[in-house]
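Consider the two complexes below, in which subunit A is the common component and subunit B and subunit C are the respective partners.
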Partner chain A sequence: MTAVGSKCRVCKEPAVIDLPRHNAHFCAEHLQQLCRRQMTKAIDDFGMLSPDDRILVAVSGGKDSLAIWDMLVEAGYSADGLYVSLGIGDYSTESGGYVQRFADERGLNLQVIDLRQDYGYDVPTASKATGRVPCSACGLSKRRLFDRAALDGGYDVVVTGHNLDDEAAVLFGNTLRWDIDYLARQLPVLPATNGFPKKVKPLIRLTEREMAAWCLVRGIDYVVEECPIAAGNKHLAYKESLNAIEARSPGAKSAFFLGFLDRMAPLLAGHSAAAAGELNRCAECGEPTTGEVCAFCRLVEKAAKHDPVPVELVLSKRARKAYS
Partner chain B sequence: MTAVGSKCRVCKEPAVIDLPRHNAHFCAEHLQQLCRRQMTKAIDDFGMLSPDDRILVAVSGGKDSLAIWDMLVEAGYSADGLYVSLGIGDYSTESGGYVQRFADERGLNLQVIDLRQDYGYDVPTASKATGRVPCSACGLSKRRLFDRAALDGGYDVVVTGHNLDDEAAVLFGNTLRWDIDYLARQLPVLPATNGFPKKVKPLIRLTEREMAAWCLVRGIDYVVEECPIAAGNKHLAYKESLNAIEARSPGAKSAFFLGFLDRMAPLLAGHSAAAAGELNRCAECGEPTTGEVCAFCRLVEKAAKHDPVPVELVLSKRARKAYS
Partner chain C sequence: MQGARTVNRLLDDLELNREAHLVIRNGTLVPGDARLEDGDAIEVRPVISGGAT
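Let's look at the complex of A and B:
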């Protein structure tokens, strides 16, 4: 990940990674120090976690969620994991394997929800049955199941592994459309409210590349492939746009996202639809919703009735080619 | 500009241009109709002009400013031109020639200001003398001279040729930095206030490509090259980023800029520094400023004392290559 012969900025030992946005190279030890400090700064700046919190980490088997689980446990937090098996063919089987091995090797508590076994559907089927794009059906399912598991399990807070690249790309998309409702809700801490648990993102100051390096130097195995259904989606295109800007102006991505939190988010406080409107209780499950029956119950209702759809049928052309 | 054999959406005659964001092709006549309608809609939506306004058009010799002057005169407005010769070598000489011929051929009133003759400096020299990037020295000079000429000449409003691509690129840069002050001021109409004339941008709904086509079908000759000093600047890089996004999602650029005006600009009203602070009168020229002596007078003071700097000395490496 770096030029041969370069030295760590801190200790002058051989470096393992160069980080242009910090204009420096780092060895394995001081890369970890940087990651720990950036996580701690995010937690402190935004009041994400208290030392005694019972934490539920939403894990996918990718680098970010396994890294944050590792970092939190290392920092002395009490953190259990929750994995939702989404039924995305071999990709889900493989991802679940990484999560299970990570937890087993470290003696950590892992809860597993299997969409097909526990709720009678999977993401490809939900996508076809509802006409939603797969990433939308997936996100809705995961959000609701994380929320429910956290409340049922008495956790204080849900942690997700969203990193700086993820958040900047979502912000970029919301900004291109000036979706004020989404912009107003794009915060690193969503407080517990209206029947939702507190949700936080301690990796917002760290990049994908830094998290991959964390996993490498910590010996964490993770699923490297992107989700095959996500290939070609707009979120990935936004990441590419931002990467091109970052390559030209190192630090631009971080300035974009953290500058938003610092200067724009305060101006948008109170402008989300949820903040403005009253929430009802879903007639089916009792959870908060702006409608009568919540989007998740409507999705389950349609998807569980539908014949199972194999993952190949919801792949984009480009993804089918890569997947075959 | 279009595939051979395609037909105009309106009249089915052979098309001269395809516009993916309108998902259509147009012939020369109906391209003009589209341009006229978009200009009229911008003028009406934002209250830019009244039929009896005396208009001063800031012209550069490029396609946009000559096109808007042409469009306004064609629509029956009373519009004079103002050209500021910036002293950017052959580029300025050439640009001035296009403007003069345009005005002469149509019997229009053109006022010319020559920075070197009238103020004792030029843009390359101002850039070196003040340490500002050339585009900053240039923008500051033009803004102030347009303002002054409009007030001195008793004009009701200054029109500039900023098109959708220009405005979207500026917005993109301001958004990447979340520069709230600049964002709050990025409006298609700046009302007359505090000693500033009213300034409007009637081309905000039309793209560079549409304006080039307007000039082509109307037989308007203009300077095609970009300013040699601007080559490689961030503004052009932002245009490239947006063009890549537009190519993927036709209409995204317009949604970005017009969505900002529609949904975000109202939330930023009153957040500009000028709106918040008191303005003083410049001790030198008496014009409004946030300081004691205005930025323009400070620039003139330094630049006019400095030995003239030839344009080649302020070109970027890339531009020098292209220019030689």
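Let's look at the complex of A and C:
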């Protein structure tokens, strides 16, 4: 006898997960039903996708991006994947393996960009060469490459796996700084404009715990280990803080972020530089930028000339401790 | 760790936030009130990822 455990709220079969924010337990089948419904509601409420859209999913090998790719394909959407190999040591090698196996097992189309092979740098080197923190160099590279791949490939929309926890943590950070420009841009749909492709986040109504559970019950293998560079970053600290609040007050994260979208975001409409159309064309690549040469071209220029830097040299003190 | 306990009790004993972890017993996901016995194979899986972009 190893367990009694609670029953699924829907079918009364043994539950596999408790979700305090729904004040309910669910079996594997009805957990999936809940996740599908939440994704569909996000897509419908915000006009994220049309049934015949050509979708490019930004995949990392983590639970969220593989889960949303799985959910979209299951729902009948036409979705290809794009993986960017960032050159973060063994972590990138392992992540790329999970993505490739996921695509191969399901016969899905996966595109791969290797920063070192295709652009002559990697994230640790870009960080050292430009003085940017690694997560900034990584995010800038990924955003630009996803945008470019979507436009070049004729895709209608880029899908990312940002979940409720991701968005609530970003909102928390932006609010602590009252960063109006970032707050005004924190939307689940960024329309195609100013040379950028449409970008959407269908997982904004689902938590990290729910997405990890989706992967487990669907048999999706993903990279569980955290990016070694991210260990100890502020984003994780915000998530820990919000989860401490959530433990005391289930549903707090959802109320915080979805309430922002419902009641605050409309008041901020038009307050970002991008929304105001204050963009030039990069003198190097022709893509949108607020300056003369875009941040990505400046990063590539410096990073590709720099000697390769191993990941260990760009870890914070806390990250080094976690990595060793 | 020795001794039977619930999943929630295990996470509390390990000082881990329930919202940030899943527990897998003998290869199957189990909820917070599931009972764990000595001899069960237990994986406590963190679910938090840190990319901010």
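Rule of thumb we're sticking to: the second predicted complex is superposed on the first by the 319 of 324 C-alpha atoms of A that agree within 3 Å, B and C clash if a C-alpha of one lies under 4 Å from a C-alpha of the other, contacts with A are read in each partner's own complex, and residues count from 1 in each chain.
Going forward, a contact is a pair of C-beta atoms (placed from the backbone, for glycine too) under 8 Å apart; a residue touches a chain by one contact, two chains touch by 3 or more.
If you're wondering where the values come from, they're calculated on a predicted model, not measured in any experiment.
**Q** For A:170 in the superposed arrangement: first (subunit B), second (subunit C), both or neither?
**A** A:170 sits against subunit C, while subunit B stays out of touch.
**Q** Tell me the contact category for A:118 with respect to subunit B and subunit C: first, second, both or neither.
**A** A:118 sits against neither subunit B nor subunit C.
**Q** Touching A:16, do we find subunit B (first), subunit C (second), both, or neither?
**A** Second partner only, subunit C.
**Q** Quick one: subunit B or subunit C, who's touching more of subunit A?
**A** C
**Q** Which holds for A:312: it touches subunit B only (first), subunit C only (second), both, or neither?
**A** neither
**Q** Please work out whether A:264 is in contact with subunit B alone, subunit C alone, both, or neither, and reply first, second, both or neither.
**A** first
**Q** Figure out whether A:244 sits in contact with subunit B (first) or subunit C (second), or with both, or with neither.
**A** The answer is both, since A:244 touches subunit B and subunit C.
**Q** Using the touch definition from the top, say if A:138 reaches subunit B (first), subunit C (second), both or neither.
**A** It touches subunit C, and subunit B stays clear.
**Q** Check the residue A:63 against both partner chains and state whether it touches subunit B (first), subunit C (second), both, or neither.
**A** A:63: touches subunit C, not subunit B.
**Q** Of the two partner chains, subunit B (first) and subunit C (second), which one does A:256 touch, if any: first, second, both, or neither?
**A** A:256 sits against subunit B, while subunit C stays out of touch.
**Q** In the superposed arrangement, what residues of subunit A touch both subunit B and subunit C?
**A** 234, 244
**Q** With touch defined as at the start, can you tell me which subunit C residues reach subunit A in the complex?
**A** Contact set of subunit C toward subunit A: 17-22, 24-26, 28-37, 40, 45-53.
**Q** If we count contacts the way the header does, which residues on subunit B are in touch with subunit A in the complex?
**A** Its residues touching subunit A are 175-178, 180, 234, 237, 241, 244-245, 248-249, 252, 255-256, 259-260, 262-264, 267-268, 271.
**Q** Which subunit A residues qualify as touching subunit C in the complex?
**A** Touching subunit C: residues 1-6, 15-18, 20, 25, 28, 60, 62-64, 135, 138-140, 142-143, 165-166, 169-170, 173, 207-209, 211-213, 216-217, 224, 226-227, 230-231, 233-236, 239-240, 243-244, 246-247 of subunit A.
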